[in-house]
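A, B and C label the chains in the order they appear, each numbered from 1.
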Amino acid sequence: MTSLDQLFVHAANTALGLLSDRLRPWASIALRIGVIAAAAPAIMMYLTLYERKVIARMQNRFGPTRVGVYGLLQPLSDGLKMLIKEDVVPRGADRLLHLIAPILAVVPAILLFAVIPFGRRMIAVDLNVGLLYVFAVSSIGSYAIFMGGWASRNKFSVLGAMRSVAQLISYEVPGVLSVVAIIMVTGTLSLTGIVEAQAGRWFVATPWGFAGCLTFFLSGVAEVNRTPFDMPEAESELVAGFHTEYSGMKFALWYMAEFLEAFAVCAFTVAFFLGGWQGPAIPFWALAGLLAAISAAAAKLPLPVRFVGALASAGAGLLWRAEPIPSWIWFLGKTYALFFVLIWFRGTFPRLRADQLMGLAWKFLLPLALVNILAAGLWSAMPFPVGTALSASLLVVSAWALVRLNHPAQLDHRTYVLAD
Amino acid sequence: MTILGVGVLKGLGVTLKTFLETYPWGRVLLRAVGIPSANGLVTIQYPDERQQHSERFRYFPFLVYDKTPDDLRCVSCKICEQECPPACIHIVGPAKDEQGRPLKAHGRTYPVKFDIDMAICMSCRICVDVCPFDAIEMDNQYEFASPDRFGRLVFDKQQLLKSAEYFKQIKPSEAAEVDARLAAKQAKTAPPAKPAVPPNPSSA
Amino acid sequence: MSQTELDAKLLEVNLGPQHPSTHGVFRMNVTLDGETIVKLKPVVGYLHRNHEQIGERATYIASFPFTDRLDYFCAMSNNFGLALAIEKLGGIAVSERGEYLRVIMAELTRLLNHAAVTGFLLNDMGAFGTPLLYAFREREKILDLFEAASGSRMMCNYVRPGGVRQDVPPGWLDQARRLVEEFPRFLDEFEALLTENEIIRQRTQRVGILPKELAVNASATGPLLRGSGVNYDIRKVDGYSIYPRFSFKVPLGTVGDVYDRYYVRILEMRESLKILQQALKEINDASPAISPKGLALVKAPRTFRPPKGEAYGRIEAPKGELGFYLVSDGTPQPYRYHIRAPSFINLTILEDMCLGQKVADAIIILGSIDIVMGEVDR
């Protein structure tokens, strides 16, 4: 099973082994850059299809079906369309900045891919300050957005850009603070190190990890401007926010940056809290028993089918011990599942208002992230049941208190008169 | 006081249910946990399948002829032209010979030109309501998109003519009503053996 | 000097006429201080189609298809309003079955309008169309009914003075009963999606409050007025058509904010379902769909010359009081034809509701008023 797990690593090593010793380091770098530069747009294109399909299904629709089987070629046709579209630059716009802004937005989004641990030993650069790198690079995006909004010479764009900068800066804070707990517990800034530290237990299964995961994910969602925090581009208010005046390939670049960053947020949440490339640390007999119980409980099926199903799942449970699923499938699977949550949010929620959004960041997520650091300290300093219980109760109490403090009489349940 | 967040989760539940309802495996899953589910896909893949329209579905009007295309029921009385709310009907007629006497085909006067500008027509059916001869009826064909607004969307008499058989085929019950009405009129006017005349408007 | 400094801080933005959420070609000239609205000027007229003038040159019947296009969501109730005015003017009796069919159509229209409007409101709030598409899914079912009865899904042109143009086809009533039976399930789902959602409550509660007095003074009608807690429903006040025969309630809001308007609409849908149930139970199969005089009017519109005089027919359209004012001079065409469009009159208080709110609020306040530009501009 390790061969499948390390498929890409071996392939890369074999290819590099053909070269001379002098070329190898350079070729290795080129290979990493090449893979990321090729994979990022491909991932983005299919994320658009994924999103369109899922949202369509949530709205009783089919989604794209026309181009290719199941619409699988739709992203290509969209890309082509974007390429051949006219590139409109408004009169009076700052042409240079207008051109640079979308590129500046895409570059950090792609740079983030360098430190995503896609699988065991499948990381382009295992930086020992990976975590700092993530936050440093991801915050460059706000420059691009403000630059694009300003250069467009459009009031909607400027409004959107201002909102965006405010939002990004605000959500950076709880986002960073929520991973401080991880640094405390693992003692490393390297993403590989963080993932490996979760071998026995994913961090999301601890009280501080759960709260941290929620805080990090929510602030991540806000940072990449996705519903319900998609203030900067707020279609119904600001037409399209900072990219109102963009068309053609420049618009596609904005979109690409947005999707790649959203993907990166999911990937980092997986790496930090959801065990990264590791499968769930469930004993194999528990899994087999669970699967057998499920198949036995499917009472609607005829008996032989149930029997075979039980046998098959018991077999699957045995197989499980051999870790049949490669690490990169675990990682990508979890990331896409998390991306589904993003799409799910988008399909369900309206957006918050700009000031409410700020309120959520500063009045709820930030204090919670601070308390979370304390909770993580308690958890690691105390022995097992005491620490867990203490940190869990601390988090619950503080979350409750924060809700009570923040939650003015605004959300009321009303009774309506039914007059004659 | 309800717990904050429950409403949000409820909403997520609704969309997830709809999502699952669109897949067969999702419906099986929903039924397994005891949620009744119907096929969630409600849109129609248009060019491949078409919506079933009801019999009364109306789009643009057409002119009815009985057996041969020159045996049209229209006598060119121009009531529809006058009553058409957007004024999209243009009739030249009735046809006359050099002396100015009306020409007749199958015992009826007929229009020389009968144009309907489909780009203006708003499918209101008033022309059908006011026609005393049941000569104009509503068609249910609707795919007339054309880039040529003045050429292809102005229908002349030839394009408008459709047989009574066709009418019977697309709108059986309405055609039956019309036939009964025409038969009654024929029975009434048959003894003096005169073609039907437009009823005196003041008698109505 | 200080004046210029003060002005320089304000940003003037034109929301519309090409804007994703102005419900058509409507322009809001908004002056912003940061994101807060300090001045808002609604600009209408982009969709003016001369409807009233056309009505004065056309016969009474020929105005019906044009009323379909006033509030293109509610063609049936628009027809109903004009029919009421013409009946008053010409003294035309309405057949029993015709009355029932009209009420059924009008209430179905209310269902589809309120569902769709709630969907649009959520779109304005930034939902990615999901509530709207759920509403449209149900709306399609109602439109199927309209198509089966009138031949057209949206531009029905169905109600006539004296009744309705044509009786409904066989089996239609059963189909309608089935729809009325199934509709509450959709409403429950819709409410599960929206009513308790914290984000929606956060966005809508205490936003765009319309005080009772202002609502009355601005002659607002419909859910906008009732959301502010004024008990005024023309179905109750006027008791036109056969509404007094049905038992139904008028839901009233307490605060008068966007949320109240939203919820009053949901409750009104539930009340409409009650009316529909009763109407579909009581409808009489024996009488014709249109009274004899009405039928004659349809066949020969020029012979209908109402006596000199004036008439005002009004109904509780889904958007508010829809009134048709007709003056006859004894000719086949009305001398004066005027429409009291609820969308237009409700829109006049937009600025009062929006001042001091954020841009995002202005959009949802506009959405909660429920306007259709076809009716505002006529």
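As a working rule, contacts are C-beta pairs under 8 Å (C-beta built on N, C-alpha and C of every residue); 3 or more make two chains touch, one makes a residue touch a chain.
All values derive from a computational prediction rather than experimental measurement.
Trainee: What's the chain with its C-alpha centre farthest out from chain C?
Mentor: Relative to chain C, the chain with the farthest C-alpha centre is A.
Trainee: From the Cα centroids, identify the chain that ends up most central relative to all protein Cα atoms.
Mentor: If one averages C-alpha positions chain by chain, the most central is C.
Trainee: If you tally contacting C-beta pairs, which comes out ahead, A-B or B-C? Let me know.
Mentor: It is B-C, judged by the count of C-beta pairs in contact.
Trainee: How big is the gap, in whole Å, between where the Cα atoms of chain A centre and where those of chain C centre?
Mentor: That gives a centre separation of 43 Å.
Trainee: Report the inter-centroid distance (CA atoms only) between chain B and chain C in whole Å.
Mentor: About 27 Å separates the centre of chain B from that of chain C.
Trainee: Report, in whole Å, the distance between the mean C-alpha point of chain A and the mean C-alpha point of chain B.
Mentor: 53
Trainee: If I count partner chains per residue in chain C, which residues reach a count of at least 2?
Mentor: Residues 130, 134, 137, 193, 197-201 of chain C touch two or more partner chains.
Trainee: Could you list the positions in chain A whose residues touch two or more of the other chains?
Mentor: Only 58-61, 347-349, 411 qualify.
Trainee: Two-or-more-chain contact residues of chain B, please, as numbers and ranges.
Mentor: Residues 2, 4, 8, 11, 14-15, 18, 42.
Trainee: Considering only the defined contacts, which chain B positions touch chain A in the complex?
Mentor: Counting only chain B, the residues touching chain A are 2, 4, 8, 11-12, 14-16, 18-19, 21-23, 32, 40-43, 45.
Trainee: Which residues, counting only chain A, touch chain C once they are in their complex?
Mentor: 55, 58-61, 155-156, 159, 227-228, 230, 234-239, 346-356, 410-412, 414-420
Trainee: Which residues of chain C touch chain A in the complex?
Mentor: Counting only chain C, the residues touching chain A are 11, 13, 15, 19-21, 35, 122-130, 133-134, 137, 193, 197-203, 205-206, 229, 231, 236, 249-255, 259-260, 263-264, 267, 271, 358-361, 363.
Trainee: Going by the contact rule set out above, which residues of chain C touch chain B in the complex?
Mentor: Those in contact with chain B are residues 54, 58-59, 61-66, 68-69, 130, 134, 137, 140, 144, 147-152, 155, 157, 165-166, 169, 189, 192-201, 296, 298-303.
Trainee: Which positions of chain B touch chain C when the two form their complex?
Mentor: Counting only chain B, the residues touching chain C are 2, 4-8, 10-11, 13-15, 18, 42, 53-58, 82-85, 122-126, 129-130, 132, 138, 173, 201-202, 204.
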